[in-house]
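To keep things clear, I will list the structure first and then write my remarks on it.
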Amino acid sequence: MNDLVLAAEGASADHTALAPLIIALPLASAFFLMLFGKRIDRLAGVIASGAIGGAFLASIITFGSVVAAGHEAAESHRFFDWITVGDFSVGFDLLVDQLSAVMLLVVTGVGTLIHVYSIGYMHGDARYSRFFAYLNLFVAFMLILVLAENLLLLFVGWEGVGLCSYLLIGFWFEKPSAADAAKKAFIVNRVGDFSFLLGIFLLVATVGSLSMVAINAEAGAMSAGVATAIALLLFGGATGKSAQIPLYVWLPDAMAGPTPVSALIHAATMVTAGVYMVARLSPVFEASGEVALLVVGVVGAATALWAAVMASFEYDIKKVLAYSTISQLGYMFLAQGAHAYSAGIFHLVTHAFFKALMFLGAGAVMHALAGEVDMRKMGGLRKAMPITGTTFLMGCLAISGIIPFAGFFSKDALLAAAWADGRYVLWAVGVLTAFLTAFYMFRLYFRVFEGPLKVPEGVHVHDVPPTMAAALIPLGILSVVGGVINLPGVLTLEHFLEPVVGEAQVPEGAIAWVLGGLAFVAGALGIALARAVYLSRASSLRRRKAYSRAPGLVDAARDKFYIDRIYGYGIVAPGKALSSYLANVFDPRYVDGIVTGTGRLVARASENLRGIQTGYVRNYALVFLSGAVVILVIQLVRVGL
Amino acid sequence: MNLEVVIFGVMFVVALGCSLAMLFAPNAVHVALFLVGAQMALALAFLLQGAFFVAAIQIIVYAGAIMVLFLFVIMLLGIDLRESLIEPLTGQRGVALGLGAVLAVGLVFVGVQGADLAAGGGDGAAALTELNQGPGNVKALARALFSRYLLPFEVTSILLVVAMVGVMVLARRISAVENDRRAGVPAAEEEAA
Amino acid sequence: MSVAPGFYLVLAGLMFAIGVVGVLVRRNAIVIFMFVELMLNAVNLIFVTFARQQGTVDGQVLVFFVLVVAAAEVVVGLGIISLIFRYRVSSNVDEINLLKR
Amino acid sequence: MEDLPVLDLVIFAPLAGILLLAFIPKERLDALRYVTLGVTLVTFVISLGVLGQFDPSAQEQFQLGSSLQWIPEWGIGYITGIDGVSLWMVMLTTFLMPLGVLASWSVTKRAKPYFIFFLALETGLLGVFVALDMFLFYLFWEASLVPMYFLIGMWGYGRRIYAAMKFFLFTLVGSLLMLVAIVYLYFQAPGGPTFSYVELLDTPLTLDVQRLLFLGFFASFAVKVPLVPLHTWLPDAHTEAPTAGSVLLAGVLLKLGAYGLIRFAIPLFPDAARDLAPIIVGLSIVGIIYGALIATMQRDLKRLVAYSSVAHLGFVTLGIFVGSVQGMSGGILQMVSHGLSSGALFMLVGALYDRRHSRQIADFGGLAKTVPVFAGIFLLVALSSLGLPGLSGFVGEFLILLGTFFTYRWWVVPAAFGVVLAAIYLLWSYQRVFHGEVTNEANRSLPDLNPRELAMLAPIVALIVFIGVYPKPFLERIEPSAQRVVDTFNRSTVRPETASVQGGGK
């Protein structure tokens, strides 16, 4: 392991130089705002955005030096020891390579835009500076996660972003739903982290180190069984953070937080941590034979489809986007399950663009409609909000996989990878999901932005203020052209990432065109269906008809297929009952009972014996005398009466 | 039948009779008087055994001073202190008498053994008589008291001082406030503070 | 011939037993006290008897000490009794049963 | 400076403080407070000298100690010394004491005896941690019990007498068994009867005897820790004790038990310890889960923190008995970090009680709006308590679980699940107290933390973050001592076969 690190250090000198600065900028800003935020008030947004912007600039420089270093760009550096006991040692080790460089750009880039957007969005909030402090803190932790050279430091970032997510979801904690959602998010993530932690232990026991470089170097030497166990345990953590089945339930609820938070944390960055982690440790997943990867792929595909179905029945615009995020994350895992790690990262990047865009667009709508989220109460907003409507449309087209928007290329890349790997069923699920994705996105778009103007009463609709537009427009452009970073044939991103995640299989020749065409057709069909059901003249009739065919199914879907209730009755309620029994009956009555019972036994015995104690002095004297007499008699007998 | 035996007999009867009478006299004053009687008889016994000084202080201090003190308190607390003869504690009287009887038998047995002991030798009556004639009873006592028993003697003096102080504390006139405090209403002022 | 010490001891034993019974049977604190005195007297008799038997005055010295202790005891004891009487207007020991409560 | 017996100074500085307090009239409340604060601060400063003089790489086991004859006829000496374990326990005690004084500002009734007991408690606790003579140890052990009894019994809340009695009886019964074991050991010493710890270390004992003696010690320590079936005194004592009492109870007193296990129970009877370790590990894990489950359902904040202590101390005993250096070091670090976090939680709950005279969760809600700083610190401490990486709780828990994984692979699963449960009970109660709208009008005008309260919480918060980010100074001092104990634990003296037959024959 040391050799590898040394080799990496020898290759080039200084791209880790800026790494601590990248983390420190938002972190320092966060602490500053937490301590003095109240005094500077309005300035908080500017400071926070500036800090992230600085981190973004530093990231660009780092990225540049990584690009310049070419293939052997990986470099790590230990800044200080963290936990060292016995032969176990981890430190504050940062790693900069192609993968982390890409992630740096995404996190700080999208982060900067969203910070700028928040200046307008959060304007007038009572805890304005606090919001930016949390947001900065989040970015700092996310950067730690991305730059970590060892799994434990990654875990610091992993839990840290979870904490910030908790704080930001619960930002408006006066709303019980927000407080509930925050708690739920943290706890569900903890369940995932529990699995992740077990994976870390197994890794320490197997490899003896948590260094990424060492783990990946030794992954080949692991037995398939151990590698599978490690991979699955780590993936268990990813299902929590990246909201996959069965731990996805927290993400829709998390929409109770402010919308920029949903965009930054629950679409662009934090939820992709699982995808990043799998890519980062791809050799371990590869070493497991096919088992772990198959699980990853199947869970990803199942989640993609499942969440897409849910999204199709949801009326809350933010929740539609939340389910969409879950579904898209499923896509990424689907690709990774087919060895296509770089395709997963590619989709991660493009998804960050268009999903952040759509969340921010949804935020703009809510901003304009006084917080209204129910799409049934909206309509025809594109004319009133041209910037929002247009950029939102870009996002919808991108996610639906329409040529030449960003989503087409990334979605095509991962579906092709699934096909190339021989996972035809998963590919089919992916195509079906692509169809559904287009359907529900345009269902949302048509209902909200097209058709006759419909707004809640007493609301004056206005388009976004400049700071918010400043975030929407760049993201809109990126959604359109984001695909160029990985054009088929040129495959820049995949080549760039090869030193880290290995070479992906790509279908060759005509089949590639056929697959791409099919994905495009699926998307187009979805849009057409959405138009037929939601925008055309007979739309309401068709909807009623569809409902009458399978009312039960629709109702079930609208109730999230009872998943929350099943979790509630199956896990939460028994747990509560058990705890309550232990706390109110078992502990006081039995455990404490044994102890106080001993005491009570003594007390009762004393109570009975107390009868002897009459309180009359003469009685005591009598007893005293009898004792004396007994002694006398004994003495006499002993002397020999 | 020499004189000593006669006197002993009389003494024995008087002492035992007075003691028994104490048991049955309901009036405290009567009890005190019978006790004086018993003590007088014992003084006689002391004389018979050559303890002249002790016999003297038995009468002067015991039968005199101490018993007067008793009578004084009885009078002070009210002369009419008759006890009812009904025993309120069940079994107390019977058991007490039974145990007393056993005790008496045991002690008498030991006394009889003591008689044998006397027969077996070690009767120092002659030596004591000599002592009483040599330096004299009082002188002999004083010599023992102020030499070998000097320390206990001094300790008893301390005891007497302590007793005196103790009684003065007990008998002190207590002010009304303090009286309340002692009677168990202390919380009031502390709570206020 | 002088009376054998055994007879004195018998007398002392009987008086002591009477004293014990008296303490147990009587209820007037002052009376009880007097029985205690009786017991002390019985013991004194024993001391004197043994002193003669041993041919020394040591036993008589002890009587002297007993006397002092008895005097101290009487002084304090009667003090306590009169104090109790002041509070409870009774010298019946059966009414002094605070221990029970 | 080198020759100054700093360690002994630390122990007896509070006693000197008591003398000082004796001359202050009881009406002068402020003087009493500030003098006590000054004394505890001076003690802390002296203990910093101990920290400075402690040499982490020293060869000998105990440092900075002194050894005087006391009652040589009975082999009793005044022997003191510290290693990496007791060093941090001493530091923790001296660190928490001034903060405890700050938390005692609300004590206005009978303040003089309060502060005297307080200082007496400090001497007792410090004495336990540095004593290397069994007799001296026992003396301090019991001596620390008495002031705590009075602190709970006289200055506590509600059912304080009940709680104090329970606390006293539990610990007393346990320590009597230990006394019996100590006396037996005393006569078994290889070089003639002695109470000297170092000499007793090599006492040859058969496994059966070891087991009995171990159980004797264990009874005493397990009650103090407390290990699960013996924990019921703890919620009552914690709940009814005054704030500073709870702080010290959780912060330091519970550590006495764990410390005793590390210092005495394992090194004196390694075979028995190894033999019984699976049972203790099992009980610890039960404690982790059980404490956490019960904490979930508590309605009283103090009780909740108390049960969370049961869970956290389960981690500590788990780490101690898994027999790996990671577990042991983690256990010791966890002791420190639990001392900080639960101490801070009790201070916070105490501060809340001072404001509202209630500790019922149901009486609160929405406090994050009225007292934001308070809520923020509470959250940070709670997060440390639930083991968030980057805060002190994580380092200890991680090392414990890692150590457990090395030796008891599967057992780590339920133990690690305790971490999930910790998140549930802490965040749920946090939500009920701080989130939501302000429902109770009385909560609307609560004042936020005042400077005094900030002064007592800020050092803890700083230390929590420091240990979480840079635990190295702690770990590098703990590790050699932990390694020594683990070596003893794992050293198979394999004598039991023949020896126990001989022992049986006798």
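Which chain is which? They are A, B, C and D, in the order written, and residues in each are numbered from 1.
Methods note: a contact is a pair of C-beta atoms (placed from the backbone, for glycine too) under 8 Å apart; a residue touches a chain by one contact, two chains touch by 3 or more.
Everything numeric here is computed off the predicted structure, so don't read it as measured data.
Colleague: Once you count every C-beta pair in contact for both, which comes out on top, A-B or B-C?
Modeller: Result: the pair with more contacts is B-C.
Colleague: Using CA atom averages as chain centres, what separation in Å is found between subunit A and subunit B?
Modeller: 97
Colleague: Measuring centre to centre with CA averages, how many angstrom lie between subunit B and subunit D?
Modeller: 62
Colleague: How many angstrom between the C-alpha centroids of subunit C and subunit B?
Modeller: Taking the mean C-alpha position of each chain, the two centres sit 4 Å apart.
Colleague: For subunit A and subunit C, what's the span in angstrom between their mean Cα positions?
Modeller: 93
Colleague: Could you list which residues of subunit B touch at least two other chains?
Modeller: Only 89, 92, 96, 99-100, 103, 106-107, 110 qualify.
Colleague: Among all residues of subunit D, which ones touch two or more of the remaining chains?
Modeller: none
Colleague: Would you give the residues of subunit C that are in contact with at least 2 other chains, written as numbers and ranges?
Modeller: 20, 24, 27, 94, in rising order.
Colleague: Every touching chain pair, please?
Modeller: Final set of chain pairs in contact is A-B, A-C, A-D, B-C.
Colleague: For subunit B, which residues are in contact with subunit C within the complex?
Modeller: Touch list, subunit B to subunit C: 2, 4-5, 8, 12, 15-16, 19-20, 22-23, 28, 31-32, 35, 38-39, 42, 45-46, 48-51, 53-54, 57-58, 61-62, 65-66, 69-70, 73-74, 76-77, 81, 83, 87-89, 92-93, 96-97, 99-101, 103-104, 106-108, 110-119, 122-128, 131, 137, 140-141, 144-145, 148-149, 152, 156, 159-160, 162-164, 166-167, 170-171.
Colleague: Note which residues of subunit A are touching subunit B in the complex, please.
Modeller: Per the touch definition, subunit A meets subunit B at residues 614, 616, 618-619, 622, 625-626, 628-629, 632-633, 636, 641.
Colleague: What residues of subunit C sit close enough to touch subunit A in their complex?
Modeller: By the definition above, subunit C touches subunit A via 20, 23-24, 27, 93-94, 96-101.
Colleague: For a test of understanding, state which residues of subunit B touch subunit A in their complex under the given definition.
Modeller: That would be residues 89, 92, 95-96, 99-100, 102-103, 106-107, 109-110 of subunit B.
Colleague: Flag every residue of subunit A that touches subunit D in the complex, lowest number first.
Modeller: 34, 80-86, 88, 152, 155-156, 158-160, 163, 166, 170, 173-174, 176, 178-180, 182-183, 186-187, 190-191, 193-194, 197-198, 201-202, 204-205, 575-576, 578-580, 582-584, 587-588, 591-592, 594-596, 599
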